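Read through the structures below before going on.
In the two assemblies presented below, chain A is common to both, partnered first by chain B and then by chain C.
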Partner chain A sequence: MTKWAMVIDQQKCVGCGACIIACKNENNLSEGVNWSYKLTETVGVFPHVRYHYTPTLCNHCENAPCVRGCPTRAMYKLDNGITMHDPKKCIGCRYCIANCPYGVIFYNWRRPNEQWENKDVLIPGCTSSPAEMVEKTGGSCSPYSNPERGTTLPESRPLGVVEKCTFCDHRVVRGLLPYCVEACPADARIFGDLDDPDSTVSKLLGKFKPRRLREHLGTEPHVFYIRSFNPGSYTQSKGEIS
Partner chain B sequence: MDSKLFPEGVQRCSLGQFALWMVPILGVLVWGLYGAVLVLYNGIGTTGLDNYFGFGAWITFDLAVIALGAGAFFTGFLKYILKIKQLEKIINLTVIVGFICYSGAMLVLTLDIGQPGRAWFGYWHPNVHSMLTEVIFCITCYCTVLIIEFVPLILEQKQLNKIPFIHALAHNMHVNMALFAGLGAFLSTFHQGSLGGMYGVLIGRPYAFREGFFIWPWTFFLFVLSAVGTGPVFTVLVATFMEKLTGKKLVDFKTKALMGKIAGSMLCVYMFFKILDTWAWAVGYLPTVGLTFDEMFYGIAYGKWMLWTELVVCGVVPAIMLVTPSIRNRPAMLYTAAILGCIGVCINRYVFTVQSLAHPVMPFDSWHVYYANWVEYATSLMIVAYGFLVLSLSYRYLPVFPLETKLNYQNK
Partner chain C sequence: MSTNKTFSIVWTALLAIGLILGLFTAGRIVTGGLGIFNTDNTVFWGLPMAGYLFFGLTAAGLTLLSSLPTVFGQKHLYPVAKRAAILALATLLTGLMCKGLDLGPFSTLVNTLALVYSPNFTSPIWWMAILYMFYFAFVTFKFLAMHRGNWHDRGGVATAVGALMLSFFSYLSLSVVFGTVEARLGFMGFTMGIYFLVTALASGLAALLLASVAGAMLGRGATETEASIRSDLSKYLGVALGASLVVFLLRILRAYASDVDQMAGFKYMTGTLSFGVELWVGLCIPILLLLIPTVRTTLGGQFVVALMALVGMFAGRYEQLLSGNVQPMGVQAEYIHGFSQYSPSLSEWGVILLALSLTLTIYTLGVRYLRLEAMPD
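And now, the complex of A and B:
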């Protein structure tokens, strides 16, 4: 049985945010909703200071607290390990947000892409209004909306429901990698089948000691982090006694 | 003008005075309705809630009024099942207060969920593993029970009761009220508990998470106990407030003191387990997840002062006051203890709702402070105004207090 998982190589991640932007484009995310994001840790004291990035997304937990807590079964697990969300069943209670130990579930506080509903033109007789732009480009919610997202979820999720990363299930079913993985310029995100011993993720998890976020909670996340990031080098020395 | 509608043998203020009293109540109600319309039209983005604080003032308010409304089910249980006859002098008021609290909470919940039109999905697509499903089931069923308990009182309105069918219906509903009281006690115990359980199962929120018994975390039992420890005295406070407003004696002090004794006994049991629970959480659970007691508190909004106020000033102190006859039997002391107890349960619901979420979830995260905005205050106050409205109308037109005539007119 396929169990999809993601390995994030923190040695390679430079915190560029390409995954965040790719995700927003691929999944038609509204302002303020980031299925993929990153935690930035500042370590050290100036001038010996560095940033440490931890990309975050839904962990697609084996023992998902959001699935157990959802009163209407709008959060559910697929056989392939992906935690899915059905916006048509969601009542917007936000109990999943309280349940999620990772803060990666987002609520649509406003109408999605509402800036594109604006019918006012910037220069009358010259420019198009945002609403006209959407109409001319044939987009459903914004001029650049991705219709492929609509194959497994509504293209744009409505006001008053929650949404979260789906491991780009609409791409995975077509044999494509999640778009954040595709877009990562450093190949820091690696996707594959956890149950296939020959998959790259399985090999990486065998080679490097992985960690998972808040592992002690027993949620069994399917997102693994390997190789802590460290960009520095130093002159070899045994130190000194001052 | 409307004196024919008054209960038998009582006096009420003139319709003009009553209308004047209604003006501020309706004013607050309209203000709240305006906020509610904004929420329903624009979504809850109009509130101070965000992805960090998915729950806030509304849920705190809901949980608090549901706990304070527990007087209805617990007094009903004591009166109809355990047959404590003296409680019949206040039982009508407990039902009305319970009805106001539960229906008000449901109104706020309707605003709080993003898709009010799908509120019934909890029945249609139930997840039997979710504590929230249990809450949805029990709270809606119990609200229905409260309506059934309230209906006979409405049917006993002087003019309505002259109709033979309605008279017979009211009588028969009264005869079978023990059944509804039992049903209400069962449903209410479960949903008070599952409201606590809802927080206790949040494995990612160390402030709220608790071990427990079978599928129920300890918070399940603590929420039930805290509700029955404060609900009865909240009804006493409502009765006393009405007495101050109307200038009449509505409930004899003996009944109030009995309610205080019942609540005090339950509050003692609650405090015993609550202190044990807090101690086990601080020295048992927190260290196992790499946290310390001090890390659970932050600044003024989420400071330790709130825990000590809840446990000592608004917990142990009112419990002792209520179980000590010499203190309880002095009206001022009884009311003080009741007020402290009610504040304590409100603090408890606040910290479980807001402080649990405010504690940093992820590595490198920091504490966030939640501020409710005017929409949340307005809609919550709308429910308070709704309570005033229902109570005012009930007092004016329904025979709520069986002792009112005896206490105010017969002696004279």
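And now, the complex of A and C:
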């Protein structure tokens, strides 16, 4: 049985944010909604200080607390391990947000992409209004909306329901990698089948000691982190007492 | 014009204004969604949800009080039992309305049908929704049975026992909703369940005492028997508030004895206004006042402590919610530095105004037309 998983190599991730932008474009996300994002930590004390990036997304947990708590099974697991969400069953209770230890589920407080419904033009007789731009480009919710997203979910999820990363299930069923993986210029995101011992993710998990976020909660995330970004070196010593 | 008539006109006008403003807010929510709230993906449950907890748990306390004479034979409480029953009905209705308005626009409310055709039996929210539906039905039937004078026939007792059991199980499911959120220790796990229990009783007692005092001030229920019951209710309220204070301190001790980062939200809330109101206005000062015999026996004293307890309990529901979500979770910390600076919008207050106005309207209509002082023969 296929179990999709992602390995994130933190030695390769430079925190460029390409995955975040790619995800927003692929999934027609509106302002303030980021299915993929990154945690930025500042490590050390000035002047010995650096940033540490942890890319984030839905962890597609094996024991997903959002799935357990959803009253209508709007949040559910596919056989391949992907945690999906059905907006037609979502009652907007936001208990999944309460249960998710990773803060990666978003509720649509406003109409998604509502800025593109604006019919006001900036310069009359010269520029198009946002709504006209959508009409002229043939987009559904924005001028650059991706119609392929609409194959398994509404192109843009409705007002009053939650939404989250789906591991680009619409691409995976067509044999394509999730778009954040595709767009990463450093190949820091690696996608594959956890149940296939010959997959790249399985090999990486066997080679490096993987970490998972908030593992003590027993959620069994399917997103693994390996290595750590650190280009620096230091002079070997035993420290000092002073 | 008599004082009573003037009061009646002013009271009706206030209720009408509250209902109109509240219904206007409700209309905006149903048509446009929750964008008019100040809640966000960090503080995802705000003031309307606190309203749900406040009114819902007050209903649980009132259901217990209204069941004491019928189910447990506490006959000295007969004169206030029907009043407690209609208050339970009104607060439960408005609590459920707060939760409904917290779900979002009409398109989302339609999806609640999925509770029937796509149930998830592992979800505490599903159990809570179903149990509250039955609970509401039984509270309604129970009041109707009382109103028809069928307090002690088979149907009357069955609805009273049913409402009481369902109030316990609804309260239990609500406790499980918060108790099983392992990711958010600020909700205090099942300690919250104990706190819900004692504060539900306290807020139910305070609501019943306040209603009884208001009735006596307006010339209804000014008998010696009712004065004796109010004195008893004051004593019970003192005990319930004392128990609430113990669990309140337990929460503080648990938070400060822990080094877990997730308790930071609760610790942050200890410095906020809602925490202060809950502790001092809702617990400490009323307990101290209730130690004075005159306060327990005079209408003014009873009015003040009951009102203070209710205000404190409401602030407490708000504080309990924010303790669990004021601290950004996971990647949400990228959007908010430190703690969320959430303060409710006017629309969120509008939901509470609607709930309060509706509760008081139902009760006022009950007082005028439903003979709330009625007792079994």
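Rule of thumb we're sticking to: the second predicted complex is superposed on the first by the 235 of 242 C-alpha atoms of A that agree within 3 Å, B and C clash if a C-alpha of one lies under 4 Å from a C-alpha of the other, contacts with A are read in each partner's own complex, and residues count from 1 in each chain.
Throughout what follows, a contact is a pair of C-beta atoms (placed from the backbone, for glycine too) under 8 Å apart; a residue touches a chain by one contact, two chains touch by 3 or more.
None of these values were measured; they are calculated from a predicted model.
Annotation: superposed three-chain arrangement on chain A; chain B versus chain C shows a clash.
Legend: residue contacts after superposition of the two complexes on their common chain; A:Lys38 is shown touching chain C, with no touch to chain B. Judged by the touch definition given at the top, the superposed model places A:Thr72 against both chain B and chain C.
When the two structures are aligned on the shared chain, A:Tyr95 is found in touch with chain B and with chain C. On chain A, the surface touched by chain B in one complex and the surface touched by chain C in the other have residues 32, 39-40, 56, 65, 68-74, 89-95, 97-103, 105-111, 159-161, 213-214, 217 in common. Across the interface of their complex, chain B is touched by residues 32, 39-41, 54, 56, 65, 68-74, 89-95, 97-103, 105-111, 159-162, 213-214, 216-219 of chain A. Per the touch definition, chain B reaches chain A in the complex via residues 42-45, 49-52, 54-55, 112-115, 118-119, 121-122, 124-127, 129-133, 135-136, 198, 201-205, 289-290, 356-357, 361-365.
Touching chain A in their complex are the following residues of chain C: 33-35, 37, 39-42, 44-45, 103-105, 107-109, 111-112, 114-115, 118-120, 122-126, 129, 177, 180-184, 324-325, 328-334. Within the complex formed with chain C, the residues of chain A that make contact are 32, 34, 37-40, 56, 65, 68-74, 88-95, 97-111, 158-161, 213-214, 217.
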